[in-house]
Amino acid sequence: MSRPTPLPFAALPTRAFHATARVRFGDCDPAGIVFFPVWFAMANAAIEDFFGAELGIDFHALHATRRIGTGFAHAEADFMAPGLMGDQVALTPLVTRIGGASYALTLHVHRAEAELLRMHLVTATTDLDARRAVPIPPDLRAALAAYQGRCADA
Amino acid sequence: MSRPTPLPFAALPTRAFHATARVRFGDCDPAGIVFFPVWFAMANAAIEDFFGAELGIDFHALHATRRIGTGFAHAEADFMAPGLMGDQVALTPLVTRIGGASYALTLHVHRAEAELLRMHLVTATTDLDARRAVPIPPDLRAALAAYQGRCADA
Amino acid sequence: MSRPTPLPFAALPTRAFHATARVRFGDCDPAGIVFFPVWFAMANAAIEDFFGAELGIDFHALHATRRIGTGFAHAEADFMAPGLMGDQVALTPLVTRIGGASYALTLHVHRAEAELLRMHLVTATTDLDARRAVPIPPDLRAALAAYQGRCADA
Amino acid sequence: MSRPTPLPFAALPTRAFHATARVRFGDCDPAGIVFFPVWFAMANAAIEDFFGAELGIDFHALHATRRIGTGFAHAEADFMAPGLMGDQVALTPLVTRIGGASYALTLHVHRAEAELLRMHLVTATTDLDARRAVPIPPDLRAALAAYQGRCADA
């Protein structure tokens, strides 16, 4: 399990979407750095913004109205540098795989040019009422594919 | 990235340590299941108990007095079944690697016999004041190795 | 808004219910003490235990099956001493008022004899589906009154 | 303990500072509304923004560098309407009292014109290393008083 080499912010795809967040006092632990589970909550918030602002899909309506869940089948993070109180960070999701009932994102977290951590997240789409897997809804699939294409452009 | 096959609780090493936790109302999201970052916070709490009750090392004194940090270099989870409000879960850490300045744990989370999720966690020991890596303290190293040995016993 | 005088643990009613919790690393902030919103989450967990173990009412079934909500109309806390990493605390709810569609609890939090904080919580019972106030269910009302009576006994 | 009458957003002082936040999926509980301790964490984040953007005092440097704590002696909230997933809210702090070693804020939380909740927060300034009360630092005192004055202007 070798650790990734930090990727400078400038090396991200030009057309990638960036969510932003600020590290809060309450996000930090007695070691003075972001308590690691908070990064996963920030990632989820970044994906909410990504859905609404980049994919054109209202994350909250998807859950509350359409009753489609986007829970994680897998979540992992490599921590390269600590986040500190007051840090402004950019969270950049990139689509790495679009399957039948799941898709995968890599999410880079940067403070200025420095990559602090990198996540790999596999989301399984589910019917929230029946609690079973369902195919990725066509509008979400199309939006993910279009974004993936935009990021691949030179 | 294939998903693991759930391991029945009964298949864990006989002498493994089990922390316990209860899924709280506030741990759950509008989908009615544990919000995934909460599992990582529960894992950290389980490791605190593991240190105190099994390794004989006070987790809080390690940080506050000895100023040794046990932050994660890597954390990942495969989610196999959702946790629900009121669930009683067992969290079982197993030592998989003891390196120079880091060690790895696999942490299984079960509700009765069903494995809900499995985490792989790599901890790097640090000097909290100097914010740099330090070798695993000898008492912690010895305790981790002894526990690993007990778990390997038939 | 004068601050309350700490009440020794021994001065609590003999038959009062005590939930217990441990202050975790992740509950603490860069000042090294419990981040104050965490106390409110701990209070909710204590009330879950109080419902199940003392009132004989399953908190989670009340919400998930019976669809009765127990949200707060008012929540307040006076902080008298900080909670520290590793602290074992007792959370003691006392019923102070039972109204038509709401009831009030005082919740004392102690570390050994020292009262760390005291909360006053007003809960309004609601129909979770209709999102409107409903009378306190009869079984909950009877259990709250019986507990209040037990605590008032000399 | 009578409940306050909601104050329309338009009735707030013209020159009051407003922090903003978005209610996230992970902020909500199985009842589908903001889990109440989250409001207190949002309040703390709003005060961080208030310090930096309105008072001209870096909240994080105040703690990390100057080692002044701004912990709460008292925190309370009246909940008037639930917050829902995706809500955009404005958090408006008003200074109500400036004492020797403590100050009080009222913090209104609105979604558009509707006040969802109102908090009263008493902050005690402390020396984080000595863990004892200290007078409000002069720059913070002056900034709080100036803001209070601006809000009182017609």
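Order as written gives the chain letters A, B, C and D; numbering starts at 1 within each chain.
Simple rule for what comes next: contacts are C-beta pairs under 8 Å (C-beta built on N, C-alpha and C of every residue); 3 or more make two chains touch, one makes a residue touch a chain.
Listed by chain with UniProt protein names: A, B, C, D = Acyl-CoA thioesterase.
Just so it is clear, the model here is predicted, and its values are computed rather than measured.
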- Query: Between A-C and C-D, which chain pair is linked by more C-beta pairs in contact?
  - Reply: C-D
- Query: What chain lies farthest away from chain A (Acyl-CoA thioesterase) once each centre is taken as the mean of the Cα atoms?
  - Reply: C
- Where chain A (Acyl-CoA thioesterase) and chain C (Acyl-CoA thioesterase) are represented by their mean Cα positions, the distance between them in whole Å: 36
- Note on the structure: Whole-Å distance, C-alpha centre of chain B (Acyl-CoA thioesterase) to that of chain C (Acyl-CoA thioesterase), is 29
- Message: Between chain C (Acyl-CoA thioesterase) and chain D (Acyl-CoA thioesterase), what distance separates the C-alpha centroids? Give it in angstrom.
- Response: 24
- Task: Specify, in ascending order, the residues of chain C (Acyl-CoA thioesterase) that touch 2 or more different other chains.
- Result: 25-26, 30, 32, 35, 37, 41, 44, 63-64, 85
- Item | Residues of chain D (Acyl-CoA thioesterase) that touch chain B (Acyl-CoA thioesterase) when the two form their complex | 25-26, 28-30, 32, 35, 37, 85
- Item | List of chain A (Acyl-CoA thioesterase) residues in touch with chain B (Acyl-CoA thioesterase) within their complex | 1, 3, 30-31, 33, 35-38, 40-41, 44, 63-64, 69, 71-79, 82, 104, 120, 122, 128, 131
- Which residues of chain D (Acyl-CoA thioesterase) touch chain A (Acyl-CoA thioesterase) in their complex? 22, 24-26, 32, 41, 44-45, 48, 58-61, 63-64, 84-86
